[in-house]
Amino acid sequence: MLILLLFAVIAIIAAILVVSMKNIMHCALFLALFLLSVAGIFFYLDADFLGIVQILVYVGGIIVLILFAVMLTSRVSSALLEQTNEQKGLAIAACLLLAAAITAAAFRTPLATTLNPVKAEGTTHFTGELLLTVYALPFEIASIVLLVALIGAIVLAGKKGE
Amino acid sequence: MMFLPLIGLSAIIFAIGVYGALTRRNAIGILMSLELMFNAANINLVTANKYLNLENSVGIIFPIFIITIAAAEAAVGLAIILSLYRQTKTVYVEKINIMKW
Amino acid sequence: MKKKSASDAGKKAFITNKFGDFGFSIGIMMIFAFCGTLNFGEVADAISKGTLSGSALTLAGILVFCGAVGKSAQFPLHVWLPDAMEGPTPVSALIHAATMVAAGVYLVARTYFLYAASPTASAVVAYTGVFTAFFAATMALVATDIKRVLAFSTVSQLGYMIMALGVGGYTAGMFHLTTHAFFKALLFLGAGSVIHGAATQDIRDMGGLGKHMKITMVTFFIACLAISGIPPFSGFYSKDEVLLAAFNYSKPVYIVATFTAFMTAFYMFRLFFRTFTGEMRTKLHPHESPYTMTIPLMVLAALSIVAGWLFVQGHAFESLVHFKEGAAEEGNALVVWISIAASVIGIGLALAVYVLKIVPDGFFRNKFPRIHKVLINKWYVDEFYDKTVIKPSLNLARRLFSFDAKYIDGAVNLTGIINVVISKLHNVFDKAAVDGAVNGVAEAAQSGGGLLRRVQTGLVQNYMLLLVAGAALAVVVFFFVK
Amino acid sequence: MNTVSLKDFIYLIPESFVLCLGILILILDLFTPVNIRRKHVLNISVLGLLLSLPLLVYAPPKGLILGDMVSIDTYAIFFKCIIVLSAVFALTMAKFYAPIKDEVIGEFSALVVFAVLGMMFMVSSSDLLMIFLSVEFVSIAFFILTGYIKNDPKSAEGALKYFLIGAFSAGIFVYGMSLVIISTGTSNLKAMSGILHAPAGYSPLFLTGFLLMLVGFGYKIAMVPFHTWAPDAYEGAPTPVTALLSAASKAAGFAVLLRVALAAVTGRADLVLALAVLSALTMTAGNLMALQQNNVKRLLAYSGIAHSGYILMGVVAACSGTEPELGITSVLLYAFVYMLMNIGVFAVIIAFFNKTGNDDMQSYSGISKSNPYLSLVLVVFLVSLAGIPPTAGFIGKFYVFSAIIKAGPKFLWLAIVGIMNSVVALYYYFRIAYFVYFGAQKDDGKVEITAGLAVIAGVTAGLALLVCIYPGPFISAAKVSVLIP
Amino acid sequence: MLLTLVTFIPLIGGLALLFVPKGKDDIVRGIATAAAAVALILSVIVLLGYDKSLAGMQFVEHRIWIPSLNVTYYLGVDGLSIAMLVLTTLLSLISVIYSYNITSRVKEYFFFFLLLETGMLGVFLALDFFLFYVFWEITLVPMYFLIGIWGGPRKEYAAIKFFLYTLFGSVIMLLGIIALYFASPSHTFNMLELAEQAPTFTKLFQNVIYAALFIGFAIKVPVFPFHTWLPDAHVEAPTAVSVILAGVLLKMGTYGMLRVSFSILPQAVLYFAMPLAVLAMINIIYGAYCAMAQKDLKKMIAYSSINHMGYVLLGMAAMTTAGLNGAIFQMFNHGIITGALFLLVGVIYDRAHTRDIEGFGGLGSIMPVYTGIMMVAVFASLGLPGLSGFWSEFMCFLGAFQVQNTWMKIITGLSAIGIVVTAAYFLIMIQKVFLGPANEKWKSLPEINRRELITVVPLIVIMVVLGFLPRIVMELSSKNVDSMVKMLGAIKP
């Protein structure tokens, strides 16, 4: 319980820092911290496979990608510039409204919550089985999506056709 | 029972992500905020999977796909940003408004 | 300029008649609505059966009479006839003034069953007639254009006929119509001959023409006697019958009619004396007209003399027209003598003024300049119409059109008030930008689009904010407004 | 856990065919010299897509397969045909669209083919997971296609805006989904429908989640106020992509929206009302903003927004009562009709672009004197877009209005709003005609009518007329494709 | 088959035009004339074969068109439409001939023109509501281009105004049509079937639908206050198009009311009779006064159309035999007379390039033949007995006056003021333009030429002939009107 609380607090603080730090590089690092703490929450909620995926794909992939992009555009990403725009007030209002509405809706919804028993061997095997049966098609499609993204990234970022 | 607090946590993170996406001037910053939003959804799903009886354990499968899509989007998005950067030498979205009205 | 006034007159005649026809057509429709037929006989039957009666009948009668008022130039639609004298030749004026206008009288006579059944309607007819007779006669007293005098006299005589019909003397009216046709034709052709000979229409420029145009003078004289009602000329017989009918109907009507007879005699002989007697006032070279013109004059003169007498022999005319009005009324010696006396006095007065010069010429004009002016200006009826009907109509037309152009267009285009409001706002904020706002819809839509367009700032985060705001709003509305 | 028969993959033959086509093109691209790539690669992709049509039409519908993830029903097939057809047209157009360079034309056609594949999955999806996955698949493909013109800041800017808003709304979309899944316990539409129609099925959490999901759909179909990306993306994107985006992507969006709405909205008066309000807003805002435009592509983007409003009327009608058939038919027909006219209009725009070098209305001034054929065809499309007979647009509009009127007097106001809007719409459509026909002629030069564009314009114009003159087959095709929820 | 041929021959001609090579304008004109002439001949054949002793539909063609919607391709003529059919083909041919003076973009001009003719014919012949609507809308687009390309100085404005206005009306009408479809027990667009099912519609429903359809028709007529498109459109349109616009297109509105509202929504027609009469009155008086204020000859005649269509409305509002017959006859007459007037205005405009009434004068001596013809047309228009216009106007008034209702009588009476004003403005015009001293400026205006004579004289002949034998046209509609009056009488409370 305490561990969960800890992860949650870290996640929130890290998230706030991600959206408010001036130096974009720091933001990226706090994003990594955030993602790690979320992975911690996943572990706590018995989603160990997902936690691993989170660390591998996110921290190992996306964060690296982002850092790469930050460095490529570093000439303009100066830490001295104001990093937030003028619609801050409106944005805060909208976000608070949204969060409040969601939370209120959650509290007003009666759900039969029980603790799901977790299989002894963890979720990995179980997840794999699902991915090859019920979720076989999405699994296939996901791979095509990645292929498309790959081609796209090459076409857009590459020098071809210029 | 941590169900409702976790839902609340995800709502907060979601709101933070939305806020970031709305206010960051740097396109890469927006991209990072978007990741927060996706993670909020993931927390929701995983929590639900733990405390509710979801059909086909969709709660732990769905996040996998969300992460995949997030990765793909990040790749494409960064490519777009880089491509734009190469032409306009900026990543500040408010400078990108030749098309309007 | 002459042609212009001629075309003016044509227009005036047409439109004035249209006014009459307007009432007439409604009258016809009314009759049709009640009786389901327009056949005279069937309508008469329907009236006798009571299908059309009471105020409806009266109204129908009056409306039908409107047609006659227009066509026969009765007050208040008489204005066109004098102007129609502008017509190019006396012959066409003849057609116009002497015969065509008779159609109105004929109409009333033809539909006498309406008036016979409705005292009110017939009273309207009678009073209109007598008033017109008097009214036109007053104007004839001062007119100086030979054709105009004749035109006024025509109006006056038509008033006589109408009055006759109104007072129940259908035969008398028709009789006068017939005899009038002879001597009025004679007068017009005579006038034509005079104009032909003297090359002017203004009687002030004439005088002493009799020396050069004997035949014309004699025939004209006969016609003047006839119209004045001097026995035994035809006018005497018919006018006598008309006055008799009026006498039996109402004394005031009779008195006015008789006075009119006096005036008729006076102005006709005024015309005659000024034209044919005395000194020539201008250097004209008058000459008698060719035979082609004088022979018709002589024939008509003969008819003017004998027609009246012929028709009264054995009730010839009555049997010809046979109205179902019972036997002709008994002659009344008093009426006969009074009418002869009135005519004679009128002639005498004219003689006194224009030949014997007992009363100086211009005496009346100088003594009563105002009345003279009123009469010369035809009682200002034309001006009155101009002010009350024509100008307002044209104004109304212009107004309606500008209304049409400005408001209806604008308001409709914009589907209502929004346009007005917007244009008002424009007015307040930006006076210079105000214009008719005719294309309201387009404008309103355009400005609406313009406002909405501001949403599309080109800044992607504004878009995203809009998106979130939309979603948040939807959620809030859903939970809290419901 | 359900037993899932992987043999059911056999029903995905058309999809597999398209996938193989995409990969084939990628491979082919490697071995084709640059100078003949435009011709060969594009021809092969067009041919391949055309071949997939009979596969689609003659493959037997099956219903839910593969763990109820996708539904191979006639409804989906109808939309798939629309998608494939518009891709065929778009690729043919691309052949004559100079800004897409020869070097990248191979990847371009491959991406279009993959986008088609994504949309095919999209219209079949009957599970939130599949919906999310395929919607994002399509989005990603279109992000790339939008930014495809190198050296054109408009293209890159369009892509960035499209991407940022797309990813952002995807975030909201998926968050909404997570709430929906929490509240119903399932991601499957069929199961969800059952749960929702039980007593107390609609929980506040579900409604919140559904509204957030609506953002995602709204973004996809360019519904106000989630439409803001459309004008910029349409204007910036290469015109063939714009055509595909407006015709196919929108159709697919509606297909999946309608599928979800039928499962989740039917019988919920307030949600139907919300859709109705959105519909009215969408068409009004779209039309009013279109009035202001001078760039034809931008104008068509706004007009497309307005058309989304009209189609939403059909969705409202389908969800408002117990008899959804007419409403669904109207959505199907309208999507088809809209595809026809939009494709045609963009073909003409490309032809004019090739002459004038830009998409401004003013530059079309008097072009009808030198190009009577294209101008006349353009008029047919404009008339059709305005919904005036004897063109396809009229049939579409007629069906939508029929559906909404049949839904009863409670949505009469929506019909009237629709009516007002079609009058406003006429104004800006005919502003184009105004320039084309009434404007002062700028020069005598004729547009080099490339045979392919002429054929596309001619064929779509012919179809646009045929759909009104002989609508029987089209209507019955739509009718048999009605989704029975 | 005959009616289909009549309807589509112009379209076929129009399509054939498109294949004529560039620059061969004479061939284009020939084809257009031939197509219009064939249509006229066929319509005359229909007229000759038409049995006026029957009230039902004749020359019926009935085929399934869209089975799933129960839409049929259904054409037929009866007393309401036969006169309109001939009027349309006649005026179209005349306009085509008159249009020989169009020299720019000839091919497109005649294409749009013939397309327009097909649309108009379809409207008058269609008996299926869907088909009716399709044809109704088909007329819009060619008209837009005809005004917009070949029109006067403010053509774009006039064209789009016309288009927006009429489209607005027709889309509202579309709602009404759809609602009728769903309300009818057999879900049909068949007008005759709908008429049979009229008793099943509730009163409220009828009233609502009537209002919806009325807006559509009223804009076309045009009824005050929906009329403002008309002066603009007329003034800017080229002469031949003005002829068609005034001669035929306006009739679509009143024809629609007769064909649809009167037969399908009888209850509502009764309910709205009085408002319709009031609108008719406003149309008559307002139109007349507006016409009086005009300085532009063409605009004056445009407003006179509003005035004259008021008579039609009045006759219809009466719902009596005389009124309805008069209305139908007036529709025909107005087409002929106003058509002629527009042609004649076109003649003078082509010569003088101005239409300012004030600017002319004394044309009577410069162009005597032209003046004579103009006089006949004007007198026919202001309802001089002996010319065709008189009969129909009179019948309309007569019919309205027959109604046993004091208000109706008052309205009719007031409307009759319009006759006077009509006479006034026409005569003012005649005086200013044709009489008086000849204006030096126009001394050299050439007399009306042969082509123009060919177009105008037939219309003049018709005016005169119908002035003496009004029964030729009146007979055509009487059977239908009788049954319509009977039907309306039966449901009268």
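Order of writing sets the chain letters: A, B, C, D and E. Residues in each chain are counted from 1.
The definition used in the following text is that a contact is a pair of C-beta atoms (placed from the backbone, for glycine too) under 8 Å apart; a residue touches a chain by one contact, two chains touch by 3 or more.
Source: prediction; values computed, not measured.
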{"item": "Any chain that touches chain D and chain C", "value": "A, B, E"}
{"item": "Chain whose average C-alpha position is farthest from chain B's own", "value": "C"}
{"item": "Chain pair, D-E or B-C, that carries the greater number of C-beta contacts", "value": "D-E"}
{"item": "Farthest chain relative to chain A (centres taken as mean CA coordinates)", "value": "C"}
{"item": "Central chain of the complex, centres being mean CA coordinates", "value": "E"}
{"item": "Centre distance in Å when chain A and chain B are each reduced to the mean of their C-alpha atoms", "value": "6"}
{"item": "Whole-Å separation of chain centres (CA-atom averages), chain A against chain D", "value": "31"}
{"item": "Cα-centroid distance, chain C relative to chain E, in whole angstrom", "value": "36"}
{"item": "Between chain A and chain E, centroid-to-centroid distance (C-alpha), Å", "value": "70"}
{"item": "Chain D: positions in contact with at least two other chains", "value": "1-2, 67, 129, 133, 136, 140, 143-144, 147, 150-151, 159-161, 164, 168, 172, 179, 182, 204, 207-208, 231-232, 292, 427"}
{"item": "Touching two or more other chains - residues of chain C", "value": "441, 453, 456, 458, 460-462, 464-465, 468-469, 471, 475, 479"}
{"item": "Chain A, residues touching no fewer than two other chains", "value": "85, 87, 90-91, 94-95, 98, 101-102, 104-106, 111, 130, 134-135, 138, 142, 145, 148-149, 152, 154-156"}
{"item": "All pairs of touching chains, each written as two labels joined by a dash", "value": "A-B, A-C, A-D, B-C, B-D, C-D, C-E, D-E"}
{"item": "Complex contacts: residues of chain C adjacent to chain B", "value": "453-454, 456-461, 464-465, 468"}
{"item": "Complex interface listing, chain B residues touching chain D", "value": "7, 10, 14, 17-18, 21, 27, 30-31, 34, 37-38, 40-42, 44-45, 47-48, 52-56, 58-59, 61-62, 65-66, 69, 72-73, 76-77, 79-81, 83-84, 87-88, 93, 96-101"}
{"item": "Chain A contact footprint on chain B (complex, rising order)", "value": "1-9, 11-20, 22-26, 28-29, 31-33, 35-36, 39, 42-43, 46-47, 49-53, 56-57, 60-61, 63-65, 67-76, 78-83, 85, 89-92, 94"}
{"item": "Interface residues, chain E side, partner chain C - complex", "value": "157, 161, 164, 224-228, 286, 289-294, 303, 362, 394, 397-398, 400-404, 409, 412-413, 416-417, 419-421, 423-425, 427-428, 430-431, 435-437"}
{"item": "Touch list for chain C against partner chain E, complex", "value": "1, 3-4, 6-8, 10-11, 14-15, 18-19, 21-22, 25-26, 28-30, 32-33, 393-394, 396-398, 400-402, 404, 408-409, 411-413, 439, 441"}
